[in-house]
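There are two complexes below, and they share chain A, which is joined by chain B in the first and by chain C in the second.
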Partner chain A sequence: MSYYISLLFNGLVSGGFVALMSLGMSIIFGMMRIVNFMHGSLYMLGAIIAYFLGFYFGASIWIGMLAASILVGVLGAILERTLIRRLYGLDLAYILILTTGLSLFLEDTVRNFYSVTSSAPFLVPQVLKGAVNLGFIVYPKYRLFVVVVSILLCLGTWFALERTRLGALVRAASERPSLLKCFGGNVPLLISGSFFFACALAGLAGALSAPMRNVSPYMGQEMINIVFAVVVAGGMGSIAGSVVMGFASGILQALMAIVYPQASTVIIYVLMLVILVVRPGGIFSGVDISQFPLHYTPMTERVRAFFLSRPAAMVALAVGFLLPWFVYPILATDIILWGLFAVGFDLLFAYAGLLSFGQAAYWGTAAYVMGVLAMTFGAPTWLAFIAGVAISTTLGLFFGLILARKKGIYFSMITFAISAIIAFVVNQFADYTGGEDGLHGLSRGTLFGMDLQNDRVYYHVCMAIVILVIFFLCRLLKSPYGLSLLGARENERRMMSVGYNVFFLRLKAYVLSAFIVSTAGALYALNHQFVTLEMVNWRASGEPVMMTLLGGAGTIFGPVLGAGIVVVMRNALSSITDNGSLYLGLLFITVILFARRGILGESLHNILDRQQNTSPHNGSDGKTAGNHSEPVHSSKEAADVD
Partner chain B sequence: MRTMRKAAAVFTVISASLLFAGSADAQMMRDKYNILLLTDLSSSYSESSGPGDVAAAKLAIEEFGGKINGVPINLITADTKLDPAVAVNKARELIDTVGLSQITSLSGSSVALAVGKLANERKVLTTVADAGTTRLTNEDCAKYVFHIGYNTNAMSIPVKMLIKDGVKKWYLISADMAFGKSLRDSFAKAIKESGGELVGEDLTPFPADEFSSYLLKAKASGAQGVGLLSSGQDLRNVAKQAYEFGLLEAGIKIVPGQLNLSDVKGSGAEVWAGSLAALISYWDFDDETRKFAARFHKMMGFHPGDTHSSNYVAVREVLKTVEKLGTDDPDKVVAALEGLKTGDAISRNATWRKKDHMVEHDFYVGEGKQPKDIKDEDYFKIIATIPGAEALGSESESTCKHDW
Partner chain C sequence: MLIESNHAQVAVGPILELKTVTKSFGGFIAVNNVNLALERKPVYGIIGPNGAGKTTLFHLLSGFLNPSQGQMLFHGQDITHLPPEQVARRGLVRSFQITSIFSHLTVLNNIVLSIQRRQTGGTRLFAKSDWRDEYLGEANNLLDEVGIPPSLRESPANDLPYGLKRAVELGISLAAQPEVLLLDEPTAGMSLQDIGRTTELIARLSKERMVVVVEHNLGVIADLADEIIVMQQGSILTRGKYQDVKVDPRVIEAYLGKRH
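Presenting the complex of A and B:
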């Protein structure tokens, strides 16, 4: 009996951290319709600050908590005022990139000063040391303290928001900011204040966890996923929902630890999936996010036409052929395959308007299926490759049927949950997939007599495949299907009223994207000759989002350029400096703030669209070399929407 | 006249080529002797391996004056972050670009297995000094890969000793990856062979920092001994939590998967006081080891741990062999290492086994000292010395096919 009660308390402890973080994220979302993906880094900062104060100044947890919450809160408020404010009302993807860039930057900066992983037991003051005998159990005092603090804070916040005047003002500011301004409410102050409070909560949670958990620059990363799932399951923007789900998730994880430890993380995502299917919108009704604004800075007709034109293709081909002479061939293959992955993602994002957080599911599944068929069942490589891609695409069809009806954040979160479940399944069949160790020793085999073990030959084979896929994609986008897909993104109702089956349009796009990503994934595994869990990890799902937005969404070659930049930066920087992630983070932040269309997109927008505005004639100047001849009237009509 | 000149030219060319051909037998492969030290510099094993490994390798290189057979020794260090993918990519890139004469450390069994496969394919001599999986000398044995340091069988010696003392019921908490699984198999075998009873076990996610649920389960199962089958940061966490949740107070014995000095320091000496652990080497064993430890301490500010010392031996023995042969041709070096018998302060009575490429040497069983008895990182009292074959498993027991 005492055993189960101890477990319950353990659950409340870890649930407490999640609840505090979810509370903060819900407040931010409720106020600003922004999902703060940086929350994990703020948690980490709180822990670091507490550790630092304890280690160097002998401070106790009281000071640690106070300092961490205030400092992190202030940092959050500053970031909100200077950076995040600029992205209000914009597509989730931009916020994701900005806050991810900030996370990378923060994590790497911290890593420079502090790289050892260890916990901070020295923070625990004498009064909280040791265990307390409650009669029915003997439990460590500090953990009990954590439970009490988190419950008190959550209750206090709820009370403040629901029963005090300040809380009423905050709620008003989140529901009807303009009306509140008319009544004289200082809305910007309320927003910044709420952001300060939410970030302070994260910092406090970090400080509280420092004596118990490994304090490391990356401790926020796993945290943020669980917190996000909890917030969605609880109802985005609902305080009660986040708190209840937060504690519930902790208890659930503690229970799984005794029943089936390997599933203790994935169970949260399964729960979230179940909740979203049974009761979309989360357990408690939060903010209605089906009206979530998805203002995406679109590509104009001219730029799109440029990308679908011949000269652009020529340039791309030239770069493609020359690449292995400038870069280590395996790296070059990595670039084009990540590029292909990003292109597959971009099809879904820019053309279908669906932000998928889980494309890595196909990237990895194709690779693993191919790997298992080749290694365990001895299938020849080419056969295993085709089977891998086919099975993975079929999986895409299956999930697409579930997903194609969803939109916005729910779509994104369900894709995330799906990829987490796939990662779990892969790890479960460790006898076949190698589990944590990965599947090594894949052979590339031969193709039509060419020995693919030669890295340069393999590069050109991959390039040929990438070219084929991109060519096919270009044709597709010029076709009636492509245009109807764009139409569905712009105005779903109108398309439906004209008679298009939007569900099928989206489903086709999803399956196509899964196919492209599967191909890229299987080729990638052959490039390195191994498959590891990294390929189904949520981080792999985030890469194409970064690469696409970096290069320019909706520009076909933009994602490939983005892939090139990210891969080369990661690789080159790792030999020059230890701070690769820091610079990458800065790059993301800069691009999102100043070049939202991506590097390629923004530069072309400046070259092509400015010309249209300054010259009295349209489009067909000699200056825009070889611009595809669009009919005159459509250039005039293309509204420059931003 | 012309024929004379022609003949002279031909003669010169032939003799010149013979001159080079003559010394081709005893020649280094490249103009540098490149050693790749692949270790964990930033993740869970960074303190048990990490910079300590690098220092140990440097100490070995120092003894040769930084040169071998006339070419400079170049130590390349790379961080694997405990990720086999990163490690294989890095190793492959270096093999393809600068060429490698030796790969060492390979902290983490998953990394060791993956890089070992690659190194064997590309014929690069590899000394795995920081991993424990028994697979390296059984189903995954390879011509160019030597396993030095320890394997998980050796780590289970304290279990056998404790069962003899009456600690019969055991619970195993293992990390769910190659090393943890190998530990689990070795410990389960040891429990069975010594007449103990396995009352329960758990496979935990890796890495993790929350083990209280498993520890509570272990306590509730009535186990008298608990195997904490991980190492590095995970071991520190689980041990601390075992102490926190009163397992040690209740008299339950804990045995670690692989314990290093940094782990005792990290969890706190009071956690390990009175517990037994298998040690690969111990810096405070005698005057000889203390001399080496002093050199290491000067470089790093702390004393060498088990795996650090193994790297020193690995690099030094290979360099000695290369010096004797006059070449770093991998086939010749492997042939010379097989059956090599050496012995020094750090690895006593060592044999580089031919069949399974395991390096046998004496192991020690250390008992954690009470905090008040510890002066400066002398955390253990050595209570037994176990010969290598008994600890690691004998050469005949290995399932390695030795098909080379």
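Presenting the complex of A and C:
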């Protein structure tokens, strides 16, 4: 019995960390409508700070907590003031990517001077050492301390927000920033203050975890994924929702550890998926974000027409054929296949207005199905390839039926959950998929008498497939359906009001994207002749997001260009420096801050749009929107009532 | 010229009928037990003070909201729980009070979207590169009609001045060639000159289809409407001709408050 109770307490302990993190994330979201993806890194920083203070200066957990929360809070506030603020009023996706870039940067910077993995028990002072007998259970004092601290902090925050004048101001600033400004409230200060507080909570949670968890530069990654799921499931922006779901997630994980230990992480994503399907707004009603439109900086029709034109295709073709003369054929194949992956992602992002964080589900599924069929069942490669793509696309249709009804951040989160579940399934069937080891020794075989084992031949076969897909995609974007899809992205309500079934428009785009990504994934696995867990990992879903934004969303060839830059940079950097992530992080930050249309998009915009369109009231220009000093809650203002 | 033959069905009984339709949000009742039968008439005007439930009524009719209670019939067929696109396909199309157009698409494409939906469904994945041409004639005629000069038709709808955006809004709804057109404050925020133009346009449109218009501008309503429906606090206060309605003490009270 006491075994189960202690498991339950362990659940409360890890739930406490998650609750503190989710609380901060929720405050930031409620206040600024931004998703702070670097929250995990701040947690990591808190732990590192406490670790160092304890290790070098013999500081106790008290000093560690204080220093970690202040330093991390200040860092957060500085980043908010200098960088994040520039993106207020723009699409959620931009800040998400900016904060992802920042977290890459932070993690790699920390890794430079600290790369071991160990906990910091030396932080625990004498009072908290040992165990305490609670009557029904003997439990470590420190863990109990964690539970108490996290509950007290959550309650305190709730009290401060709901019962004090300052809390009322903060809530007012999050409801209607412009109105509060009219009343003389200092909105920017309130925002920075809340940001400081939320980040301080993350730092404190990190410090608190240092004595009992492995402190490493990457400890924030798993944390941020869980926290993200918890915040969404609890109802974005709902303080109570995030705290309750935070503790619940810990307990649920603990219970799961009894029944089915392997699934203790994925259960959070399953829970979130179920909640979002059954109760779309989350458990507690937070901010209604289902109506948040994607206000990323779209291409004008003039620029789009250019990318869909023949000269652009010719240039791209020429580059494609010259590529294997400049880089190794295997690398060249990597570039165009990642590019195809990104193109599939971009179909959803730029044309359907749906930001997917889980396209790796199809990238990996196609590869694994193909791999298992070929390796375990001895199917010929071509058959395994076709089956892999077909099964993976069918899976896309199945998930699409759930997903096409979702929008905005909910869509993103469900795609994320789906890919996490796929990764879990792949890992669970290690007998077939090889688990951590992956599947090695795939053979490319031959095609129409061509020996595909030759890398140069294989490149050209892949190239042909990529050309075919992009050709059909261009046709499709110029078709009536292409226009309808743009219409649905621009204004869903208006489309419905003239008789369009927006659900089917989106479903089609989702399945098409799944098909393109599956094709790319299967080809990619054949290129390296192995399949690993990397292909279903959430990082693999992040790559096309980065590549697309780097090259230029909605420019057809931009995502391929972005893929080229990322793949080549990673390749080149890995031989010069081991700070690859750091430079990539910096690159993303730069692109998001200064060239939101991406490299291709921005250059074309300068050439084509600027010269013809100098009208000052062009509201579509992301640059002017960047100057807003506070969040714009467009969906709220647009709610039309009598 | 825009009329379509299949709309000329002989109407027996009311075209649009609402039976005890109620919509509540939490504790607030926005539309309260509305019974309304509309026969074929050129223009119905719905007026009422702010918060009377006019826009909510439009949301209910067009399927964007589901009534908490009651039934809605269009040509005797139940449309109560149809999704918006199904309502639109049956010939009941609305415009929006807050301009709702495709901002980043060209003006022409705004209209083409609506035309292609009606003609071919707008879901063909592949088409000849000049597929748009077959709709351009109709689209240009329509833009002539709503008064958007040819020079602006290839620019993004977002670049248009407010009055012309309202014209695009109207054009999108018109391009669907509805049998019944629901217009939600078509002249809201317009200049006097634009209001005059829009009023004339609606009068012209109503020769070919039935128009139900929500309007705050009583001058517009007086010119246009053959019958006026007055709403107050979610209920129908009265209906009748403008001359009769404007002297009705209950209407005056609803707008000006009780006289002491």
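One rule holds for everything that comes next: the second predicted complex is superposed on the first by the 610 of 642 C-alpha atoms of A that agree within 3 Å, B and C clash if a C-alpha of one lies under 4 Å from a C-alpha of the other, contacts with A are read in each partner's own complex, and residues count from 1 in each chain.
Simple rule for what comes next: a residue touches a chain if its C-beta (ideal position, glycine included) is under 8 Å from a C-beta of that chain, and two chains touch if they have at least 3 such contacts.
What you see is a predicted model; the values in this text were computed from it and never measured.
K.L.:
Tell me the contact category for A:Gly135 with respect to chain B and chain C: first, second, both or neither.
P.N.:
So A:Gly135 meets neither chain B nor chain C here.
K.L.:
Regarding the shared-chain residue A:Phe530, is it in contact with chain B (first), chain C (second), both, or neither?
P.N.:
First partner only.
K.L.:
Is A:Leu505 touching anything from chain B or chain C once the two structures are fitted on A? First, second, both or neither.
P.N.:
second
K.L.:
In the superposed arrangement, does A:Gly378 touch chain B (first), chain C (second), both or neither?
P.N.:
Once the two structures are laid over each other on A, A:Gly378 reaches no partner at all.
K.L.:
Return first, second, both or neither, reflecting whether A:Arg493 touches chain B, chain C, both chains, or no partner chain.
P.N.:
second
K.L.:
What is the contact status of A:Arg475 with respect to chain B (first) and chain C (second): first, second, both, or neither?
P.N.:
It touches chain C, and chain B stays clear.
K.L.:
Give me the intersection of chain A's contacts with chain B and its contacts with chain C, in residue numbers.
P.N.:
none
K.L.:
Can you list the residues on chain B that touch chain A in the complex?
P.N.:
Per the stated touch rule, the residues are 42-44, 46-47, 83-85, 88-89, 92-93, 96-97, 109-110, 113-114, 117-118, 176-178, 202-207, 209-210, 212-214, 216-217, 219-220, 233, 236-237, 240, 244-246, 266, 268.
K.L.:
For chain A, which residues are in contact with chain B within the complex?
P.N.:
For chain A paired with chain B, touching residues are 3, 6-7, 10, 14, 111, 115-119, 121, 131, 138, 140, 212-214, 254, 257-258, 261-262, 264-265, 328, 330, 435-438, 440-441, 455, 528, 530, 532, 534.
K.L.:
In their shared complex, at which residues does chain C touch chain A?
P.N.:
For chain C paired with chain A, touching residues are 30, 50-56, 62-64, 83-85, 88-89, 93-98, 100-106, 109, 112-114, 116-118, 120, 122-127, 129, 131, 156, 158-159, 172-173, 175-176.
K.L.:
For the complex, which residues does chain A have touching chain C?
P.N.:
298, 300-301, 472, 475-476, 478-481, 483-484, 486-487, 490-491, 493-502, 504-505, 508, 613, 615, 617-620, 638, 640-642
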